[in-house]
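Paired with subunit B in one complex and with subunit C in the other, subunit A is shared by the two complexes that follow.
And then the complex of A and B:
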């Protein structure tokens, strides 16, 4: 019995039970307790040995300090010398300790003994594991050619293994779900408008100095990157006004001056109408547009028909609210943060266009290279070690699964959806081997049923993993990777408002038989017989990188593990130049026109929910990263499962109660695992929301398994962005199953005629 | 007299839970216990509009702590020393309010682990650590151990948005004094439970309304702690323990 419950009992029962417990020798355990109280000399993390490093609980990579007592990591804090985060780190950063000491970790190389996905393994030696991977890479390449090899990766540590795939000559060596399931459309839109990736791994937007900010779906606060959040809050504290456009009342929306609960899928209609409004009302920055932009006349013409009155029924927003929001931004321009967004694989068609519209809007306000606007990176000098990976003569496939399908895909690699399709169909060429590093592809890529079907068809699949994720249990060989706390990586430079250079270094020695990614890649290369990785260990090439910055590892560590630089983010009108061909901001992108794509975004409606269903959207919890952290003891304890946000009116009409456990059924008949409902006014009636990454299907993740429902497993319908081939994630609809009975959800915001209704696969004629 | 206090600015807080985890790490607080916590509130309709905010909570180090008065351990004289070297002798039980800092603390050597204080706290800020072989009550100390080394509390050090403002209410130059004396900050107390909590909250009207509605305690829990009965039981336990040793 727990002590607290014991205390709640009535006096007599309490006395009786206490008497029982008194008889139990276990009641008295003084000896051990005394030693527990006597140690250590200094309490808490005080007096610990400190090692500076870089976090990787997410990919913002905050500089950290690991605090070690008696060889055990006891605490992680932000590196006080970091100009970006200082001593601050988020919940996940604080919880890195529980990734390191997770009892479920993959401790040794493993070989599959059961069926793929069954999770039955035998422990093998490193030699055996590496030989088997090397043998398959060589054999499959020999039999089917280099392009039969494909690599899925995420994170810095994956780059070494990526070099192996690249050297082997496949075009499928970089297929980052980070681009094709996340930031790709935004990255492309900004690259083509401004000549640099204003939103990729980083977002170059000066919220700290903004007088007003505009977020389209961006939910900073629930999406946590420490210095980004810090600058957002500092901006608000400095008095910045905030406009948030989101079908859900997010943590950011809760801080907004104007909140627009837009109909999902109509953001571009709103943006086009706003652009037309600011052009016709003369609210745009004429000087900036004239001097620094090309394509204004085309833009003006292209957006002419889009009025606020037209957008109102489409977006389901009152004209006066749309006007109020844009005037708030216009009144504060040019010092306004038109946030570029990050995760942008929402609806497929129109994703690149939506972010292009945001990019154009920033330019119309002249909110580029000025305080509060989009800003320029500050490059930091470092050395570039030559790994000596001798690329073989590239063998171009007769039909590429990258650029022959999507003209701008090859900027990022091969679209994940195309690799999966080729693996299943063997067309346009067979894909027979997958390597996976740093990404749980089954909980990341649209339609996991397709992903699993493809894996079943492979001759060989291997991964480097830290935890027994779904991806690990579907692999033939699992290589146990070191966490970021146990390894060196490379030198990191941060080129945002608070530039710095730092290095990831081990805080503790690697546990079990885990090895660093560099060691694994180097050993693998040796066994394949590749000329690659001219360095014996990480420190050798880190020194080379540091030499380029005029430093050594010893010196860097002496300086607190980090060096700060002065930022150069702004440009005067005279200096202003972007890295496009003519040095000007492209309000109409000719490269797009050259490929028969719209040079200026158009409104392409995404189909509305079928009757009885609502659209499923998803987002982030501040304590979780993708599906990576759900097994972390401390983070699991904070947010153990996700909930389905359901509008209160919809709940009332269907009798669904707050906290009730239900099952979701999507438009294709796929059903979720049980999830509790959160009834709230903070979501539109035509939309339901859940946090991404829950509902793990790996039984070996003892804490994460079956906790909440997976949004990914509801995403069976997707379409690719026609520009770069990213897969959509918000093109699925759910209804609710309660006690075995299907409940159709009432339609409280019927779509206008301009928006077609979604047609389920089985009712479609022609097409896909 | 000094009184350490914290102001939590809900306009800055994004509900990231870093405070909760930093505290857990710093003081090795085992799951599922907590010294501090973040509860997510809303979105819910309030008279001032739709609110979605957070309740970052911790021990309030109350002016009139009820947890200390229910402690059944016999009082003993304890000498307290101030920062500037002054001393004061006070008769205290195993949990007490430091006369110099106003922090409510637990003497782990003397705590018998009866859980009375845990039951008494209307904020649920204490827990009985049953992971220990000899269970002890535990709670937030305002990190007085860190303050002694000129370090801020662990939760303040990690707070990513600077939402936790910590200081001494008796210091008129402190930020906490300035905010509290401006009258803008609220304490989570009710007609029934009014014991002077020293954690304050500021924020938009709608957020504060929602916080107060959901998180203000109304139950005088300390009145339900059956101290005399339990004291007898525990004294017996201690006697038996003494004999066994």
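And then the complex of A and C:
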């Protein structure tokens, strides 16, 4: 080079430069032919290497194929060999690439360096992070006992860390918000009626072959799980009739033959009246009930007083419409899908009962084990690796969070609301450490203000996270978890109508210093001194699981990453047997009666909105999952914010315009961030609706931060389900604040006298 | 100054943009940075900071900042349409590496990490490839680094990292001018 004299360094600086260890030795190496940029001229994903795996953009776990070019994931498609979704994946499935390559993601272990929640972090090594977590787990257990440790988790990858908490001897090792904030009441109702969880993560309901379907609040189409939606649409294409009961005109309601815009909180009244109608009109399946059910006489007696005429003012529905709807179902029985629903933590007190009523109704129609009805899972054989996690002798606390508050909580774990209370009050015993994995608890659990108050009381809180959510910001140590595209998980079996076995495996190498959940749990166990996780890596135990299915990972991959099986969903009358003690469907649940709970559901009125307020309900967007995907660029582009659905008459009377930005104020005075109003006839005047998961309060989520309003931050009032302790989410009410001025909303559907009005905390005298 | 010394400066800057550790947080290192800054006409005083302070500042600016204001040190974020990692910028960098007959050794960061690209500049200086260096700077690094610098400046960052970024910008432009002169 003909050098100009731009740079003149002193001799000492030159010497210093020469002497410095500049770390350039291991940065580059000569290119190897095999790593040369492959097929550069082929456009898009053509010529890409294909790796089969399993999606985790929601919990449905669709089989996928990752297309990798030059070390970069360029496209995700459905696994063409999948009998469930085929090549189809949803918008979220496509957008997994954006999660993987989101610059906001957590890249290294982080340690809080400022006050908790202040958001000051420093990157630390894995050794330091794991040592610190292990130290705190040991010390807190030593000081306060094992139950001072609590674990909040969601998803398959959290299971390894859960094993650590379990092995440490706490009863608070499985407090999945998935159960206690979502599916718990439905799961319990079906478990006790049929002996298996007809509605848990998945719903065993044969919509594809149904002649009629009944949805109570279920909004498939907005709530998208590919094979589930596919079966619903195929059912409609085959001519199935559809009844939708929902205070909001949902995507499913738009396809309904009968749409019943019910008053929120009165679904059980409708179901009880329908059951009475079915029985008194002789529309039930007498043979099925006689042969395969117990408790019919008690049921008949219990529902006797619930007539359609009684239900009409309560549900705010005309008798003729209610009758038309149930006749439509009855005329097509037994081939009817009484959809069990999933998210069922609505109103607290009546939630288990509502889903029990749905379960009973399916049985009354004989819609179980037949085409179009509820069906039986098809178990798929696989090996069960022994991780060797030795459980300590259970040290039952004098008063147990899991067992002593709600009789059926321990079926699922410890109720989240009770753990939070114990953390704040120290009663029934102190909870001092939280581990969190796969769930943004602040945007998930009722009353986030309560949750944040509890976190401030903890001695230590750590999480494994992919994105810097609100939960990460409140953590002392943040462990960077690998996305589903960077890690192995266990073998997955799908036991629904299209049974298959597949495995999640990495599509690309983990970025930065993220690690798989198995690796993290194994390293942590070593440091705590637990004899846990006998396998060196995921492949070892996956091989063990596959061995039980007569396969190896190599063979499975050779077969396209997935093996299909023949479904066995139906039963003849002779074969019919459910998994209850006597093999019969329990129309009256003795276990409930044994605990002084109603063996047959009763109508328990849910308090109506206070004057000036409407009830806040929420739902899903087809392109988002809970609060997990709002920072995803593609999905954000499609649905960047949520809107508040407000009835057009309410809007007209208050002068609120479509598209206007307002603030919401709930009954306890908590205010939301700004949200635009969608004025519509598609919502009842006593109800407002928004999509869940928006209004992120984490500034680090650069696309999601402050986009729309958070329904969760309006849920400050909740009631626990008395059966299993799940917390309600639809027991809150909002009014509108516009330009700083509070607007009371007019009451256009006053509740009948049977329904008491909700009294906000500030107006209560005594009691809660 | 010979190419080797320039390559050393590029390595020095790469080290500066790496996470603070024993090799890039001692007095000798800071003194050398000061000397180089002085040589390119950037005045600085007393840039001796504790490793702890720089770790916090680095995390906040370049890794994850809970308050949401940070400057990702990856070309993809600035060169791609979506602001993502592993996008166009990374592929572009990889093509240049390949043209030089090189590939990055295994590293937890994507291949378009700022220090990696600065090490690549050092390699090109060291091995005397002015044509490729000129194109790498013109078509790639000088396309995204100014965007990164603008974003960083707007954050009112820790003075040490602002100095390093200003110094890197000056250095890259000087090098570019040099190779233009050399190759025209």
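FYI, the second predicted complex is superposed on the first by the 728 of 768 C-alpha atoms of A that agree within 3 Å, B and C clash if a C-alpha of one lies under 4 Å from a C-alpha of the other, contacts with A are read in each partner's own complex, and residues count from 1 in each chain.
Rule of thumb we're sticking to: contacts are C-beta pairs under 8 Å (C-beta built on N, C-alpha and C of every residue); 3 or more make two chains touch, one makes a residue touch a chain.
Everything numeric in this text was worked out from a predicted model, so none of it was measured.
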| item | value |
| --- | --- |
| Partner chain in contact with A:88 - subunit B first, subunit C second, else both or neither | first |
| Subunit B versus subunit C as contact partner of A:748, first or second or both or neither | neither |
| Which of subunit B and subunit C A:759 touches, first, second, both or neither | neither |
| Touching partner for A:45 - first (subunit B), second (subunit C), both, neither | first |
| First (subunit B), second (subunit C), both or neither touched by A:511 | second |
| Contacts of A:700 with subunit B and subunit C, given as first, second, both or neither | second |
| Subunit B versus subunit C as contact partner of A:633, first or second or both or neither | both |
| Subunit B and subunit C contact sites that coincide on subunit A, given as residue numbers | 2-4, 6-8, 14, 18, 22, 27-30, 32, 36-37, 633-634 |
| Subunit C residues touching subunit A - in the complex, by the definition given at the top | 1-3, 5-6, 8-9, 11-12, 14-15, 18-19, 23, 28-29, 31-32, 35-36, 39-40, 52, 55-56, 58-60, 63-69, 72, 74, 76-77, 82-87, 90-91, 94-95, 97-98, 101-105, 107-110, 115-116, 119-120, 122-123, 130, 174, 177-179, 181-182 |
| Contact set on subunit A toward subunit C in their complex | 1-4, 6-10, 12-14, 16-24, 26-32, 35-37, 70, 72-73, 98, 100-104, 106-108, 110, 113, 118-123, 468, 472-473, 511-513, 633-634, 698-702, 705 |
| Complex contacts: residues of subunit B adjacent to subunit A | 11-12, 14-18, 20-22, 24-28, 31-32, 38, 42-45, 50-53, 108-109, 113-116, 118-119, 128, 130, 132-136, 143, 145-146, 149, 151, 154, 157-163, 207, 226, 229-230, 233, 236-237, 240-241, 244-245 |
| Subunit A - residues contacting subunit B, complex | 2-4, 6-8, 11, 14-15, 18, 22, 27-30, 32-33, 36-37, 43-46, 74-78, 85, 87-91, 93-95, 97, 220-222, 224, 226, 229-230, 233, 236-237, 249-251, 253-255, 259, 622-623, 633-635, 637-639, 680-683 |
